Amino acid sequence: VPDVAIVTLTTDFGTADHYVAAMKAALLGECPDATLVDVTHAVPRQDVRSGAFTLERAVAAFPAGTVHLAVVDPGVGTERRLVVVLVNRSVVVCPDNGLITWAWRRHPRPRPRAYEVTWRPPLCSHTFHGRDVMAPVAGRWAAGRRRKGPPVDPLLLDLDLSATSRAGVIVHVDVYGNATTNVLAPERPPEGRWHAAGRDVGPLRRTYADVPVGRPVALVGSSGLVEVAVRDGSAADVLGLRVGDPVELL
Amino acid sequence: VPDVAIVTLTTDFGTADHYVAAMKAALLGECPDATLVDVTHAVPRQDVRSGAFTLERAVAAFPAGTVHLAVVDPGVGTERRLVVVLVNRSVVVCPDNGLITWAWRRHPRPRPRAYEVTWRPPLCSHTFHGRDVMAPVAGRWAAGRRRKGPPVDPLLLDLDLSATSRAGVIVHVDVYGNATTNVLAPERPPEGRWHAAGRDVGPLRRTYADVPVGRPVALVGSSGLVEVAVRDGSAADVLGLRVGDPVELL
Amino acid sequence: VPDVAIVTLTTDFGTADHYVAAMKAALLGECPDATLVDVTHAVPRQDVRSGAFTLERAVAAFPAGTVHLAVVDPGVGTERRLVVVLVNRSVVVCPDNGLITWAWRRHPRPRPRAYEVTWRPPLCSHTFHGRDVMAPVAGRWAAGRRRKGPPVDPLLLDLDLSATSRAGVIVHVDVYGNATTNVLAPERPPEGRWHAAGRDVGPLRRTYADVPVGRPVALVGSSGLVEVAVRDGSAADVLGLRVGDPVELL
C-alpha cells in the first residue's frame, strides 16, 4: 500500500450533474484517505478514442501506484467486460471497450496486463457501473486490496504509433485549438516541412514563439507528440483542423 | 469526530470565478484536513428546486457523517434563515429556502431535524453568506465542533414523491438528455406503457441497451426514480422533454 | 512546514484537457499530502489582467502558508522570467508577466518580495512550464523545501487602486453579470450617486435586496470593492457593462 493513494477520474459525464460525485462517494467509501484528482469529465460523449488519448496522458503523468478510473461507457448494460489494467506501474479501471489503447501502446514496459472484473455488488444498477462497480473496485485497489480477476486480452482500438513516422493523423484538438498528432517526437528530426490537412506549417520548431503571432507552427508538444499550433491563436480555427485530418512531412 | 471529514459542495456559482475557492478557504480554515468534493457548481442560477434534487443525490451517496454545504441562495441579504439539517446520518448546511426538500422527503428515517444557524461572524458581507457564514459552520461541523441553534421546521417545497405513483412529472434533465421523474421505482412494476409529454416510451425496461439505438426507453435510473432516455441519444432533444412535463403509466 | 499544505491553482487551461491534471501530478510528486484547490481554470485565454484579479482573491482568502500556483502564460517559450512571490504571508508561483499585480498592490504589508525561479528540470518542454517548472517549484514550497532564487522587482501592470476614489473602471464581470470595479470600499461612503458607463445606479447600498427585482444597485461586494449589480438579474446584460467601462460618483 502506498503512503498516499492517488485516484484520478476521466469521464464523459460533464460536471453539471451529481454523477462524478456519486463515483467519488463510492471511492471514498472504500479508501477514505484517497487523494482524488479530476483529469477531465469533458471527454466528448461516448467518444472512447478521445478518452483513450486523455487517459494515457494521466497514466504518463502521475506517480507509480496511482489508480486511474476511466469511464466512457456507451456499452453499459450490455455484455461488455470491465477490466483492471496494470500499466506503467499504475492501475487503470475501465470498461473493456478500447479505452486502454493509448496507455497500453505508449507504455509497453513493463509489459501491461489486464484482468477481468467479475465482481458485482448485490444491488447493481443497469445504467451506472461507474458508480456501482468500477469506483468501488478502484477504491479497493487504492486501499491496497488488490484482487485480480482472470487475465484477459483487452480490446485495443486500431492505433498507429510510430516514432519514425513521416505521416499520421490529428488525434486531439485541445481547448486552445492546438492539434496533436499520433506522430511520436522524432529523436533526430528529419529534414522537411510538415503539412496538416494539406497546409504547409513549416519545419519542426522548438516553441510557439519561434514564429510570429498568428502564424502556424509545427513542434513537439508537451505530450511528446508532433503538434500543430498557431502562435497566440487557434490552429483549429485558422487552419480548419479536425481530429482525423492527415499530417505529413514533405 | 470521524477519522476523515468529507465536505461536499453544491452551488449555482459556476466555476469561472473565485467564489467556490473562497468557500473552500473558509472550510479549510475551520477543518484543515477535510476532504472536499464538488458535487456541482452548475445548478441553474437561483433554481432552488433543481439544487434540491442534486443535493439529495449527494446526501444519498456519501458515507454517514459527511457534511454537505449547499448554496443556492437568491435571498441573500434578506431575512431568510440559514439551517443545519441532520438527515440520513449526514449534515447539511444551507439556506432555509426549500433546498433541503428532496433530502428531507427521501430520507425520513432516522427522522430529519433542522436547527437555525444564528451565528454570524464579526465581519459579515451582505452578499456572500456562503463564504462568511455557511462555509465556516460546515467546516466546524466537519471538525467535530457541532453547535446546534434553535430547532426549526424548515421550509419545504411542494413535492409529490410516491412509490405507488402511476403518474408524475419530469424533475431533472441531465447532461445526456436523460429525463428523471419524481416517480419512485416501483417494487413490482405494474403492467402498462409509460408516456412522457404524451409520447409513448414503452413498458419499464432494464437498461438502455434493451431498445435499439435512437429509440426511447423508460427504466429505473441510477437515482431509483423512473427515467426516460433515448439509447445513445438525448431524450430531451428527440422527445422534446423538459422539467415539469407530465409522465404517466397507461 | 505547515501541518497541512494547501496549494491552489488558477489558470486559463480550461478543464476539457489533461493539462490541469498534469500540473497536479507534478505537485503531488513533490508534496504527496498537499490539499489541492482549484480557484478557476476559466481565466479568459491569455488574459493576464483578469487572472491577476482572480489570483488576488485567492491570496486574500486562504490561510497563511498557502501556496498559490497561477499560470496564465502567453510568453511561454520566450525569455520571460518565472517568480516566487511572498505576499500576504502566502507564496505565489507564477510567470513574471504582471499576474502578481493585484495581490502585490492590495497586500502591501508585510512588504511583498519576489524571487526569480532559475531552476529548470533536465527535461523541460518549451511549451508547458506550468507542468515542468512552476508546479514542481510550488510543490517543493508546499513541502517546506523553500529555495529562493535571486530577488527581483516583478513586472507590475498599471493598476489604480485607491480607497478614496470617486471614480474607477470595471475590472471583472462575474458569471452572474455582477461588475466589480477597482474602487476600494470607502470607510465612510461619501454622498452621491454612482454611475456606471454613464448610467445612474443610485447611492451605495448594503445588499441586492435593497432594490426591487430587476433594478440596478451599487454596493460593496464580497471582494471589498464597489460593485454594480442588478437584483436577480445581470448587470452586464441589463446595463451593457464590460471590463474597462468607467464608474464614477456624482
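The first chain written gets the first letter, and so on, giving A, B and C; residue counts start at 1 in each chain.
Here, a residue touches a chain if its C-beta (ideal position, glycine included) is under 8 Å from a C-beta of that chain, and two chains touch if they have at least 3 such contacts.
Keep in mind the model is a prediction, meaning the values are calculated, not measured.
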item	value
Copy-to-copy rotation for subunit A and subunit B - C-alpha atoms, rounded to a multiple of 5°	120
Shared interface numbering between subunit C and subunit A [over half = same, under half = different]	different
For subunit A paired with subunit C, centre-to-centre distance based on mean C-alpha positions, whole Å	31
Shared-contact residues (touching 2 or more other chains) in subunit B	15
Of subunit A, residues touching subunit B in the complex	13-22, 24-26, 28-29, 32-33, 36, 45-46, 74-78, 125-128, 131-132
Subunit B residues within the subunit A interface of the complex	3-4, 6, 8, 15, 35, 37-42, 54, 57-58, 61-63, 66, 174-176, 206-210, 219-222, 227, 232
